[in-house]
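The following block contains the structure, expressed as structure tokens.
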Amino acid sequence: MSRSILVINGPNLNQLGQREPHIYGHTTLDEIKAATMARGKALGLDVDFRQSNSEAEIIGWIQAARGKTDGLIINGAGLTHTSVAIMDALLAVDQPVIEVHLSNLFRREEFRHHSFISRAATGMICGLGAQGYLIAVDAIAELISKAGKA
Amino acid sequence: MSRSILVINGPNLNQLGQREPHIYGHTTLDEIKAATMARGKALGLDVDFRQSNSEAEIIGWIQAARGKTDGLIINGAGLTHTSVAIMDALLAVDQPVIEVHLSNLFRREEFRHHSFISRAATGMICGLGAQGYLIAVDAIAELISKAGKA
Amino acid sequence: MSRSILVINGPNLNQLGQREPHIYGHTTLDEIKAATMARGKALGLDVDFRQSNSEAEIIGWIQAARGKTDGLIINGAGLTHTSVAIMDALLAVDQPVIEVHLSNLFRREEFRHHSFISRAATGMICGLGAQGYLIAVDAIAELISKAGKA
Amino acid sequence: MSRSILVINGPNLNQLGQREPHIYGHTTLDEIKAATMARGKALGLDVDFRQSNSEAEIIGWIQAARGKTDGLIINGAGLTHTSVAIMDALLAVDQPVIEVHLSNLFRREEFRHHSFISRAATGMICGLGAQGYLIAVDAIAELISKAGKA
Amino acid sequence: MSRSILVINGPNLNQLGQREPHIYGHTTLDEIKAATMARGKALGLDVDFRQSNSEAEIIGWIQAARGKTDGLIINGAGLTHTSVAIMDALLAVDQPVIEVHLSNLFRREEFRHHSFISRAATGMICGLGAQGYLIAVDAIAELISKAGKA
Amino acid sequence: MSRSILVINGPNLNQLGQREPHIYGHTTLDEIKAATMARGKALGLDVDFRQSNSEAEIIGWIQAARGKTDGLIINGAGLTHTSVAIMDALLAVDQPVIEVHLSNLFRREEFRHHSFISRAATGMICGLGAQGYLIAVDAIAELISKAGKA
Amino acid sequence: MSRSILVINGPNLNQLGQREPHIYGHTTLDEIKAATMARGKALGLDVDFRQSNSEAEIIGWIQAARGKTDGLIINGAGLTHTSVAIMDALLAVDQPVIEVHLSNLFRREEFRHHSFISRAATGMICGLGAQGYLIAVDAIAELISKAGKA
Amino acid sequence: MSRSILVINGPNLNQLGQREPHIYGHTTLDEIKAATMARGKALGLDVDFRQSNSEAEIIGWIQAARGKTDGLIINGAGLTHTSVAIMDALLAVDQPVIEVHLSNLFRREEFRHHSFISRAATGMICGLGAQGYLIAVDAIAELISKAGKA
Amino acid sequence: MSRSILVINGPNLNQLGQREPHIYGHTTLDEIKAATMARGKALGLDVDFRQSNSEAEIIGWIQAARGKTDGLIINGAGLTHTSVAIMDALLAVDQPVIEVHLSNLFRREEFRHHSFISRAATGMICGLGAQGYLIAVDAIAELISKAGKA
Amino acid sequence: MSRSILVINGPNLNQLGQREPHIYGHTTLDEIKAATMARGKALGLDVDFRQSNSEAEIIGWIQAARGKTDGLIINGAGLTHTSVAIMDALLAVDQPVIEVHLSNLFRREEFRHHSFISRAATGMICGLGAQGYLIAVDAIAELISKAGKA
Amino acid sequence: MSRSILVINGPNLNQLGQREPHIYGHTTLDEIKAATMARGKALGLDVDFRQSNSEAEIIGWIQAARGKTDGLIINGAGLTHTSVAIMDALLAVDQPVIEVHLSNLFRREEFRHHSFISRAATGMICGLGAQGYLIAVDAIAELISKAGKA
Amino acid sequence: MSRSILVINGPNLNQLGQREPHIYGHTTLDEIKAATMARGKALGLDVDFRQSNSEAEIIGWIQAARGKTDGLIINGAGLTHTSVAIMDALLAVDQPVIEVHLSNLFRREEFRHHSFISRAATGMICGLGAQGYLIAVDAIAELISKAGKA
């Protein structure tokens, strides 16, 4: 039986490749999407890959994932540090959640060291660039598989 | 002459009953809506009861209430702690505003102890679960009645 | 079978009506007492309404309430922000506790934003003036009724 | 060749003139728009003047301005103090950015003293009321002109 | 017509002369009382000079002074730094209030640098030992005299 | 020649055994009193064992102990964290003072980590339950014996 | 009738052009003076343009401006962040005051984010380099003109 | 043998009577000077009364007082909160030092609650307006007299 | 040509499986070692897998890795939060460094939210249990491969 | 059946008697060892008494105690305030742990008020000098005896 | 070719020898001057040695040193902790700067632990008394010599 | 009679010359050792120059120096900021102690601004690179010589 995951990307990630490439690299979000979906496919996972600048839309996606998907990957971008509402939405979801960040937040400005999303996530991967998404897919596949056995 | 109030519910409250019931209880938002409207009716108040995950939509509702309703009840949920913009919208409204929270915020995580909405509210009721809404209706009815006499 | 509640008022509340009326209003504590007892009676509750300037006396009242009353309403006034001992006394009581404040503490000085009593209360009502007491009676009647059924 | 700028106004600025006039004055946003466009015209600048209560919409406007306009003026209103996502969007724009505030934020509540937008702006103008917009137009015209020469 | 003032001394001041004389000196409270009453007499003031270890008793004295005395002098001792309730009592009194401390609090431990009483006092005198009481009597005589003329 | 010590218990300790037994255990204060007096007797110490909910009464007891007893044991309970006045009283006593707490304060809420009493105590014992009192008697017997020799 | 303004420059601004040009630019203070006076002339304002490294001298200038000039522009430089005395002098002046900074203080070290001068200024302009002075002249001309009409 | 004292007034006190009279009153510094000198004369003290806006000048006066005068009274005004150098100068003086403030600093902005001068002063008097100077003269006369006897 | 990596485990990780399994799981360090080496082998990496309770030994290993290995994986355990010296050692290494933690540090005690190692790491993976090591091997293989091409 | 305990002493305690005797007293560690072992013997406890300057060695001792000893007494000395790794080792041990300090940490420098070891200890004894060790033996004997019965 | 350095001494250093000798020692500034000039002469350096109580004068000296001297030694005394303006002046100087303090600031009051001057200095020497000046001369001679070779 | 000193170097200093040369320079520790020993020899001091990555080993060296050497120079490197135990060891040594750092800690990350070693050192030298060691030798020679005369 096929499994599915939802990958959520927060504000400004639609500009990857152009936006501050010394921090975020030259890969575009479409390239990351393609690679992520390929990795998911190889692991038997349907990947629904989305981006939004809207906190409300992201909350809606998380709510809708309830009972529909088997796991969530989220790069909250700027909302990571400010949205209690997204954290609350994630806390209500009964699935593995993996937080991803392209850059190593802990080597950047102080206010980026705190994440509300971390409080609602199973685990976090940061600083590994676009590869972080693929690793997150591997990790969530493993978590789903374990949950299936439990 | 009939009076009306607006009841605004913030992000994730549409999931009440399912979402972390050990914190928020098993009552659904529809059940709260029905009870709130009944209480309003008994007190001669038209109750407009809404929920949104969107800060912008909530701001729009507050702005539109100006001169249209006689009082506001608001459960800001996760936006309570982070939205200066909602606070600013409430500060511009010339009506009684009552802040409601289902749980007692002061027994939860530190970041939930601070509310921007409180700075713009007449009063606050928290920790009384769904009953808090009914009490808020009683309170706002009283405040509207006093304002009418003044 | 009749139920009873204890309403405790902290320091300086005996001066209501005279004391800083721009903050606390013109209603006296005797007037609040009369209204509170009437509301209790209407709901089948015996109301024991007291005031003290003494932390020790208030602790004694709370301890004595154990097994004697069915619920507590407390306006800790200035002790709200400073008394760990009252909080500890409330934590030992196995009844619903509702914290009441006449003014909205969150629109006043910073040191009034923190309440030790909140950590031991079921819920809190603030900013609704004398009406807050009546609402607290309604709320505790409901909580007692629920507890009775459980 | 004509130049163009985008002027972005954040939440609640659509209520200028009515909203807390002792702080924000009696001029409406439409009046500011007219004056700003006139000033732009006099300096050979097309002015696109907008308002939104939505963080997501504002981020979208900033992203779309990339390569389309020559400069940005932004009054973030309540989002000034809370939106990392708007700051991130501005950091990705390769144009002069001027932050404007009607009131002097530094004479108001503590939480209004910090601006995420300032970290991404070329300069800031505050406390000069509606005139601040006109001055910002003058300033950005100068910055665009300098950039054109460089 | 004769005027009267109340001089209130907080916890442990009954032990003056014996208690940490390197900080508080060798003069006893009785000696200070005698000197203070003599100074009052010379200025036409009846001096009621008291000491208590009880916050509640001190609050009671302050409340009773309302309309009975013309001015208050208070050395809150250890309660200075911890009692919001005494501050609240003083805020309700419509008379000049002078805060006195024997030692210079600002050269001692950090927690003694903050006084709740200062927020409710007309002025403060510290570090002048027993003489501080006499100076406070002079000052309050002047303040009462001014108030009488106003 | 016989020696004597005073054992002071602060607010709510009269409810031991009933009050939050998962934190404070099932032993009552009377049982602790009996055990403490027995231990004192075995070591040749008269033990005066008291409890009060009143800061003022406790201060009075400490003041009266001056020159009357040879050592003090104090469990300040909730007043531990808030009473500068009790600390000041202890600082004026020229005897060994041992602070006792039933629970390990450092594994509980943040505000219980700070003790004003510690600043005036010779030593502190916490987390050992009722046994802590017996140990404190042993320790103070030793301190008195040493002081006697010095 | 002609109007006059005083432009005050704080410590080290006499070294503009040489001092850390990557932060402050290559324009000298004499060049800024000439441009500022020209702008003032065009607007019918006499401009008195000064620089001092001395807090006392600057306070003296501000005091002397009382009743002599119609508006003040001040770049406090390093004293911006440390001088309560200059703030106090400005608070005593009954004229519009505009604070100017060449660089955007909010993108520099943390201690430069706080300004005592802001608490006494009508408005602030920063990050616009030498142009900021000209804009400040425009702004103060407008403020003086409004004040003239009021 | 005649004694002498130096009274030092910090920045902006030369503007008393005109400067923010709702805070500092209508009395001018010349009037305070006259009253202070009269009071000194009555007590056998030569009073040298000065004002300066300059930290350096004030330090010079304090240094010169060494061995020349018998006591110092200082109202540091804005320098109170910022000048370690004046504190250091006072620490080197072997005379009684009394700190005076016209207003009650503790009822004003947070940054006025801290005084470097307090760390070097014998005592402090605040909130008593111009009368505070006279009281300070009384106090220092007493301190000098005591020192003379010691 | 074969590549090699060093995997460093800090204090107490030798007790995995036994130590607080509700936090760290039941897998032993030997099992993790075996799995990690297998994964490395599959990717053509020699894995040197070690554990030490000693900060000094870990520093020595990091120093020795210079020029000997192609990448480092480190789980600093308790030293993560306290060792500047390990951070300094890592900063001197010219290889990719991946930080791993079994548990999600951000859902645990406050002091575990800060990592000195993060400041010297390329990226971080946490909350994924033993699987985190395998993912880290994948990630470092990719980083080494990229570095090889660059 | 005989029981055994391990007593661990941290850095610099090998220098007791010589090291800052005004703080730590004149008793040497060997004398404390002898007294501790004697006390243990009297209570039927084998006492293994050790000292190390090495965090790693101490962690090793704690790990080795697992299943070998019945209780731990630890004076962490300077490591008390800095070692998360020792705390983690103690958290993994299933035995009573008593923390001992010779001096009263709470009367010393601020950084000595916080102990990581306290978070993992059953109880704490401080300020009683060498006697603290004997009391800790008494206490742990009691705790072991209780655990044996449970 | 001869080289020259400027040695600047801040407020109150003209009182060395008399001022708090338990902290600053008995050597006078003239003695330090003589020794410093002798040391400079021995190393081929002209030493210009000055003292001022005035921040403005010190800023002026630093500005004038630009292009005139080869190195700066500065003991900012009380201005060390408060003067951003002196720091800014030093940041504009293109020479080695050595900060000197007679006492070890880090063993004194908390507010002396922070130095604005350190942010603009090449290095710092403290706690070595008058000898610190001679060492600073040695150090700056070396720095100048290196700079000459570079 | 010959004198001897011990020079202690903390973690990672064995990698000097290779490790982050933009911060620490290109000189190796062996070169510093040679220069330091030569300088010592010239001043009649035997220099024992060591490096360790181990806190425990460094503590052991400091303890062993007691009565064996005449002075200590220590560069604690990363342990500077974290080791209370090394500070305690130094506090027990009755010799002059000079703290050295190659870089100016106050121009680097915030956490490097605090040194536990400073609290136990006579003086500190930082920011002068390898030369700092030679200066420290000069300084300690002087301190030993003074101590010898005293």
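Here the chain labels run A, B, C, D, E, F, G, H, I, J, K and L in written order, and each chain numbers its own residues starting at 1.
Quick note on the criterion: contacts are C-beta pairs under 8 Å (C-beta built on N, C-alpha and C of every residue); 3 or more make two chains touch, one makes a residue touch a chain.
The structure presented is a predicted model; accordingly, all values stated were derived computationally and were not measured.
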Under the over-half criterion for shared residue numbers, do copies chain F and chain J use the same patch or different patches to meet?
same
Out of B-D and E-H, which chain pair has the most contact pairs?
E-H
Between chain B and its twin chain E, rotation from the CA superposition, multiple of 5 degrees
120
Chain A and chain J, separation of their C-alpha mean positions in angstrom
47
Between chain C and chain K, what is the gap in Å from one C-alpha centre to the other?
64
Provide the list of chain L residues touching at least two other chains, using ranges where the numbers run on.
54-56, 82
Pull out all the chain pairs that touch, please.
A-B, A-D, A-I, B-C, B-D, C-E, C-F, D-G, E-F, E-H, F-J, G-H, G-K, H-K, I-J, I-L, J-L, K-L
In the complex, the residues of chain L that touch chain J are 54-56, 59-60, 63, 66, 82-89, 91-92
Help me check something: in the complex, which residues belonging to chain F touch chain J?
98, 104, 106-107, 113-115, 118-119, 121-128, 131-132, 135, 138-139, 142-143
Residues of chain J touching chain L in the complex:
10-12, 14-15, 18-20, 52-57, 77-82, 111-112
